[in-house]
Structures are given as C-alpha cells and as structure tokens.
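Chains: A, B and C, in written order; residue numbering restarts at 1 for each.
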Amino acid sequence: MHRASFTPSTSQMSRRLFLTAASAVSLGAALTACGGSGGGGGGGGSASSAKPVSQTDIDEAMKTPTELTFWTWVPDIEQEIALFEKKYPAIKVKVVNAGQGVDHYTKLRTAIKAGEGAPDVAQMEYQAIPTFTITDSLLDLSPYGASKLKDTFVDWTWGQVSGPEGEIWAIPQDTGPMGMLYRADIFDKHGIEPPKTWDDFAAAARKLHKADPDVYLTNLAANEAAAWHGLLWQAGAKPYATSGKGNVSINVNDEISKKLAAYWGGLAQEGVIGVEPDFTDAWFSALNKGKYATWITAAWGPVFLSGSAKSTAGKWRAAPLPQWDAAKPSSGNWGGSTSAVIKATKNPIAAAVFAQFLNSDPESAKLFSTKQSFFPATKPLLADPSFAGNASAFYGGQKVNQLFAEIGDTVSLDFQWPPFLDQAVTDWTETVGTSLARKKDTVAALDAWQTRLTTYAEKQGFTVQAP
Amino acid sequence: MVLFLLMFVTPLGYAAYLSLFQERLIGGTTFVGLDNYVTALKDPLLREGVLRVAAFFAIQVPLMLLLALLFALALDSGLLRLARVIRLGIFVPYAVPSVVATLMWGYLYGPDFGPFAQLGEKFDLPVPHFLSDGWMLSSLANVVTWEFVGYNMIILYAALRTVPQELYEAAAMDGAGAWRIAWSIKLPALRPALLLTLLFSVIGSFQLFNEPKLLQDIAPDVIDSSYTANLYAYSLAFTGQQVNYAAAVSFLLGLVIVIFSYVVLFTANRRRTS
Amino acid sequence: MTTTSPPAASSQAALNSTATGTPRPTHPRRRSVRRHSTPLTIVMLAVLAYFLLPLFWLAVASTKSTQDLFTSFGLWFSRSPQLLENIRETVTHDDGVFLHWLLNTVLYSVGSALGAALLAAAAGYGFAKYRFRGNNAAFSSVLGAIMIPPTALAIPTYLLFAKVDLVNTPWAIVLPSLVSPFGLYLMRIYAEDAVPDSILEAARIDGAGELRIFLTIALRLLAPGLVTVVLFTLVATWNNYFLPLIMLNDPRLYPVTVGLSSWASQAVGGGSGANSNMLALVTTGSLLSLIPLVIAFLLLQRNWQSGLATGGVKQ
C-alpha cells in the first residue's frame, strides 16, 4: 500500500490505477478488431462500424481553445488534469463534483434528458454503463483512437466498457477485484486457518461464533447489492444479458444464484454472520471493535480500512476470496469506475482524447494510484514493482497490492449488467437484502427479485427472454 | 400575481400533462390518457404507502398536538420558572433541518453503538431495537414529533396570549380554579389554532418523505422504496425512470390529502355547531 | 415532515375570523406575578432535556476525531477533544467550500423570504381587494396545489427550467421558493381585515394609482403579517434539501444542507469510493450550520414573537 498517500483527502477513494509502460499506450500496438472481448453484449467481436476520426482532425481540435466540463467525485483529480492541460494547453477542464453514485447518475440522467447542463465527460462505474447506453447517451470512443488502448487495460475491464458492435463506451480508471481481509489475531486466538473454500468459511463461521458469541466471522451487508453482484460474478453466474436494443434476459434466480442464496441465507439464519448495513456509523464501530473477523471486500478495501479502523493497525491480513472450486480460483469485481464521454458533447474530440489521456497516460495513471489510492486498471502499472512490491504495516508487512493484482487475473471476462441498474439494485435490496436482514428464505427471495425485474422490464418496453 | 401563477401553476400543469403519457426506455413516448391513474389506483404498493402514512397520522399527530397543547398551557399558566428558556429550548428543533435531525436521531437509535443501547447494556436494561420493523414507525414519529412540537406549541401559545385578560378576571371572580379556566376558557379559545395545526399536520404526514428517506440508509431492510406514498413517487421518478407514472401518483396523493383536509375541517365545524 | 413550513399564527386568526365573523380586538393580557410551581418546572425541564438531547449529542460529537466517534461513548466527551481542529478542517476542506455553502444558504433563504413575503402580500391583497373573473377558482387552485407533494414534480420542474436556462443557477432555487401558497393564503385573509376598504376608497378619490396605494398604504398595514411570512419562509428555504439537490450541479452553489449530505455520502460511498474521515467533518459541519439560524431566531425573538402575537390580536 502507498501509505504515504494518507492525507484525509487522498486516503479516501477506493481504487487505484496506473501505468508505467510509457509510450506503449498512445502509440498503441496494432489494434485490429478491438471489439467486445465477450463483454457488453451478445454480438461481440466485430470492429466498430464508426469511421475513425483522422489524426489531422484530432490535432486541429486539440489546438483549438476549448473548455470541457467533467463531472467526477474523485477528490483532488485536479492533479491528474494538470498533466493533461500541460500537454494540451488549449484545452481547459472544469471539474464539477455533482455528487457521488446515485446522486451523480440521477443528475446526469436528468440533465441529459433536459438537453441542457450535461457535462462533456463523466465519471461512470462499470455497472452503470449499460443504463446509459440504453438511452443512447454515451459517445462511442472507438473512432477517436480508443481501440488502440485495448491491450493496455486489464482484459475484464475492457470487456466491461465494450459494446457488442465493438463500441468503446468508456475508458477504465480503476478496479475492485474482490478479496478477503481478515483479523489474523482473532483467527490465531481461535485456531482458525484462513478459509480456502466457502465450505471452510462456513465451518469457520460456526466455530468462531460458538467460541465467542460477540464475534462473527463476517458481515454480509443486506444493503450492498454491489457486493452480492460481485459474489455472483465470482460464482460464474450470468444474471443479465442484453442482445439487440430491446431484448434482455434476466436470470437472477438460476442454479448458481440459488446456491449462493442458500449459502448466505443459511449462514444468516443460523445467526453466525452479521447482516447489518455497511458504511454506517455502527458498521465502522464494529470494524474498530473487532465484531467482525473478516471483511469480504475489493481491492480498494485495504486502503479504506487502514483509514477507518486505525485502532486495529497491524492485525489485518489479506487473502483471496474463499472458492467454490479450489482448483479453479476465480473472483468478481466490486467497485471501480471509468470515464465516459456524453454523446451530446459539443467537443467530442477533445472530450474523447481527455478521457483516454486521463486513464492511460502513464504519469496520470500512476498519480491515481499514489494520490487517490486507486487500484489500477492498466496492466503495466499492475506489474510495476514500485506498485506491486509495496508492503503495508497495517497488514503486517504483507504485499497487499501484489495479492490483489493476482486476484484481478482471476476475474471472469463476461459478466454483464442490466440496462436498468437502479431498479435492479432497489429490487435486490427489497427482496434478497431484506430476506438476509430478517433471516427469511433467501432462495425464495430470488424468485421475487426475478419477478419484479421481469415485470419492470416489460413495463419499460423490453422483450424479456426466458432463461 | 401573474408571476405567482406562472411560477406555481406552470410546473404543475406540465406535470399533469406528463401524467397522461407513458415514456418507456424502449419504444419512446405514447399518449395513454388516464391509464397511469388507473394503474395507480390498482397499485398495491401505493395503497400500502398511503395506509402507512394514515396510520402514522392517526398516532403521531394527536400525540404531537396534545404535547404541544400541554406545553403551551404550562407555559401560559405562569407557574414556570425559566419559562423563557424552556419555551425557546422546545422550539429550537424547528430550526434544525430535517437532514441534520434525522442524522442525529439515527445515531442515537443505533442498535449496537447508540448511546441508548450502550446505557441499556451497562445497566442491564432491555432497550428496544428502534430501527426494527416493529419500532420504525414509532421511531419516525419520535423524530417528527421532536421537530414540530415546538412549532405547534408556539402557534398555540401565541393564541393563548391573546385571550383577553378580563375573561380570566371574570372567571377568577366566579371562583373558577386553574383547571377549570384551562378547560372552559383556554381550550375554546384555542380551537381555531388547533384546527390550523391539525391541517398542517395532515399535509405533513401524508407527504412524509425526508425522514424515512434518510433513515433508509441505516435501516434498508425496514424502509423500502414504497414505505410512504411520497417516497414511492420519488422512487418511481428517480429509480424507476417512470416520470409519467410518478406524476400521476403525486396527483392522486394530493387528492387524498385534499379529501382528508376537508374531512378534518368538516368534522371540526360540525362539532362546533352541534 | 413538512417540507413547506407554513407561516404560523396569524393564519389561525384568519381561520378564526372567517369562522366567527367579526374580529374582536383585545390586548395581550399582562400577567400579574404569581407563585411558581416547582413540580411543574421540573417536569418541563425534563421535557426540555429531551428536546436538547440530540443537540447535545451533536455538540459532543463535534469535538471528536473520526476514530473517537466510533470508539467512545456517544453522550460524553472523549479524552482528546478537538473541536477547534474539526472546525478548522471543516471550513478549510476543499478550499473552504463549506463557507460558500453557508453563504449561499443565507443568500437563498433571505432572498426567497423577502421576495416570497412581498409576492404573497401583493397576490393576497389582489385576491382580497379586487373582484375579477375566476378569482375564487384561481385561489382554491393555489390552495389545492400545496396538497400535491413536490418530490415527484421535481423532474418536470427541472425540465421546464432547463428550457429557459435556469438550471444550475441560484434562480432555480429562489424562484420556486418565491411562491408560497401558505403566504398567499395568509396574506389574503389578513388583507381582508387589516386593509379597510374605506381607506382604499379615500386614496382612490385622492387620485392615487393602484400601485401606489399598494406600496404606500396596504404594505404598511400588512407589515405584521409580512414578518411572520418572512420568518417562516426563511426557515423553509434554509431547510430545503430536495429542490437544490435536483437543481444544482455545481458544489459551489450548494446550500449547506445539500453540501453536508454530499459529504456524508462521500463518507459512506461504499464501493464507489469512501472516506470515513469525512464523518467528523459532517458532524462538525452540521453543528456549524445550525448556529446561524438559531442565532437569527434568538436575535429576532422579539420580532417573530410579536409577529405571532399580532396575528393573534386580530382574532
């Protein structure tokens, strides 16, 4: 971990990103068919039909005085922007923090709808991309040279930002491959080994809670749809798929999901894990006081935890997620985000170049990992010894970055998000989340979730395909 | 006045216009007439939300007004030391934005680390889980009561201050005690003010939004997106991207409030004449 | 609960006067010194404690570091109070954006309160003193309109404002707040009684224009009601959260409620990036944001209480 970056304003963000292999990026190796690498949609593979914008036009645009508006919640991003403005003095970037997460998307959607007040470039989490492409609100970046960046970024991130026709909807900024942080001291005290499989994990949960009724092995937050999706992702589920414009298949209660629901619902009903909402005062207190012996989290978790549970420094260690099949280790992603260009922009070239530079320029990418503590989305940076080799005292000197970089390689490539994310999240919370919190039948809740989503999708005019 | 109407009626009119359409993510906008209203009338989530706020209204409002009344009478009785400090102290919460009020109470309610829970643990007393399903409505009622008792109290108190002194003198001369004065002179004098506070409370209760919205963060399993009718309208518009339907729901909710207000006024007036 | 805070007591006078007919002027009674009741005082002090408890918590919490917030007992100070440091951090964080928020809040609420009172007075006066076609229909439509919850109307309002380029400007907050149906309602009833037709007649005979009559005569007579409308619109705008949340994108324009909640969501942003150090700033910021309004109420105590009492006198 880059402990040096621990000022209040920079310790916060959850992920990192960077890139050292300098020129490899902008020059770009041969970029042939850059396509969807299996990601965002059924078609996949074919080169984008959009005509490339000529280098002359790009050079011209980058010399024309322009002001770009950039909506982002990333703190102190001005430092990275300064690098861009230094290279392209004609372009000024105005940063606006219009809120974070849901607030940000709500405003963005309303502004796009009004045709007035939307930014040129916006921060966008991976899971939100389809929700904005369904309304045709994002600019395809492939004609602006983005296709050349394919090999720079971690494979699964590129899948997440690619469309079925080879469109590139956004440029990855940081990621959150999931892993497990655990309290070595509590494990030692009760003679528990870090669990390698979910079966081991369940056994440890029972053992620990029996030995000390005030302590739980973990907390599966009943409000955290994102974590559930990450676990689905790890388990290999494919809850959503979109093909064509109006066809969607919804599969949130298939066999894999049911396995997951039976597992976590069972542990919740037994009362051997916590289910309280995360990122609340009570939850922070619980982490500080050792109520939970592990935190199932993502690559941004280690830095976050070391800032918010200072009183437990040195007691934590990191490990990969427990596995369903120990022979085939896998993980999912939770968090991370991208830069997307809004289609209505009046300066598409400048905006597209900015989105690419910000996240792929080696210096800028590296700055994200040191200043904002982002977990990188670019391959060269993940391999950089100065990043991966960093040892953190909070984790007893463990090389946490390297561990999560390795986990990142096990994230599967073809997980997709629904084109109506907010609804999926709300419905999850009110069905599956509620069943966990109230210790009711979580498997049955999956069916309720499926029904709600199907009804909603049909109401919105989608053709819902049978699983 | 033209400006007044323009600023106020235009958005409403536009919303009413929108409520006659349906816009889908796939397939665009179509005119659907009153379909949205028909759907809304049949919507079980909306019905639940309305019933819940009706229950909230039935419990919280009488309690709040009774407290406000008692406090106002106590202040007006002249029997208190530090009356000024007490009056202002009770009124202060009104100046606290509901965002902050809910933040504070949410912390105090906390099941593990909230001060009530901590005290309960120390003295081995059972402390209710304020944020559980069974307690949530009461906990919300407490926050709202905390915010608005002082405000209602001040209205009532101001009304009490205007009761002519001669009335009291006359009553005292007739040998009426403090209780009798309160019952026979003060209460009748307060009737219009009480009616007014009641009317505001109808609107406030049925439009309950900020408090449940903010408590949702710490009790997501209890407060769902249709917990109150207004919250439901909000979720439809912002989460579900069903602006048209949300507008229809809002108008229906407005209608419910209008009806309730008239019922309140009507009963009060009938009682007065009988 | 109420997002629109109704102006208070004088409208109760209004209800009364419509119900009972003639106003019955009296004087606020003067109280003779009486004995005090200790039991009653104790009961009321207990009540007072309940009302101040959350504020006490807030004050205590503002002295704590993020770490102490999680680890020390909620209702008492921790071993290392750091109120001053918290305040310093709150006002300097992000180039002092917090002070911007406070200033914005003051501007928005004072602007809307004054404007709303004037508009309500003009409109109420118009409704009360001029007969025109649709008078009553227009009036009751305004009254009915307050019954419609504003939340779901936010998007239509936004779309309209976007068409006239007002989104993300202070006007988007001030303009809607200018329209206070409660104020209108209050001022109409108030004007009916407080501005005698005879004076208007006399002024007209003297050749005064209608505008001049309103500005020089009516407004003065309506002053006590105006004070009440101003104060309660002030509180309503000060506490307004929803409208600015939707209308404003630029943090520099936020009022303090939206600003604080944006900090709070930075503190608990979860997977999309979070910083628990913000929590201390949120609590301290909350405390600071209360102070101006509380001070305003205390300083203007005489004014608003007399506003209420004057409203009452009119019974």
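By definition in this document, a residue touches a chain if its C-beta (ideal position, glycine included) is under 8 Å from a C-beta of that chain, and two chains touch if they have at least 3 such contacts.
The chain list, named the UniProt way, goes like this: A = Extracellular solute-binding protein; C = Carbohydrate ABC transporter permease.
Computed from a predicted structure; not experimentally measured.
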> Which of line, ring, star, complete or other matches the graph of chains that touch?
Replying inline: complete
> Pick the pair with more C-beta contacts: A-C or B-C?
Replying inline: B-C
> Using mean CA coordinates as chain centres, what's the chain A-chain C distance in Å?
Replying inline: 41
> Just curious, how far off is chain C from chain B if you go by their C-alpha centres, in Å?
Replying inline: 16
>> Going by the contact rule already set, what residues in chain B reach two or more other chains?
In response: 107, 113-114, 217, 238
>> At least two partner chains per residue is the criterion; list those residues in chain A.
In response: 106, 280-281, 285
> Which chain C residues touch at least two other chains?
Replying inline: 70, 155, 159, 268
>> Applying the document's contact rule, which stretches of chain B touch chain C when the two form their complex?
In response: 1, 3-5, 7-12, 14-15, 18, 71, 74, 77-82, 85-86, 88-101, 103-105, 107-108, 113-115, 118, 144, 146-151, 154-155, 158-159, 161-165, 168, 192-193, 195-196, 200, 203-211, 217, 229-230, 233-234, 236-238, 243, 246-247, 249-251, 253-255, 257-258, 261, 269, 272
> Can you list the residues on chain C that touch chain A in the complex?
Replying inline: 66-67, 69-71, 89, 93-94, 155, 158-159, 162-163, 165, 167-168, 245-246, 249-251, 262, 265-279
> Considering the complex alone, what residue numbers of chain B touch chain A?
Replying inline: 24-27, 107, 110-114, 133, 217-221, 224-225, 235, 238-242
>> Which residues of chain A touch chain B once you look at their complex with the stated criterion?
In response: 106, 109, 134-135, 222-223, 245-246, 276-277, 280-282, 285-286, 291, 419-420, 422-423, 426, 429-430, 433-434, 436-438, 456, 459-462
> Tell me, which parts of chain A touch chain C in their complex?
Replying inline: 8-9, 11-15, 71, 73-75, 96-101, 103, 106-107, 110-111, 113-117, 125, 176, 224, 226-227, 278-281, 284-285, 288-289, 298, 300, 304, 307-308, 310-311, 334-335, 337
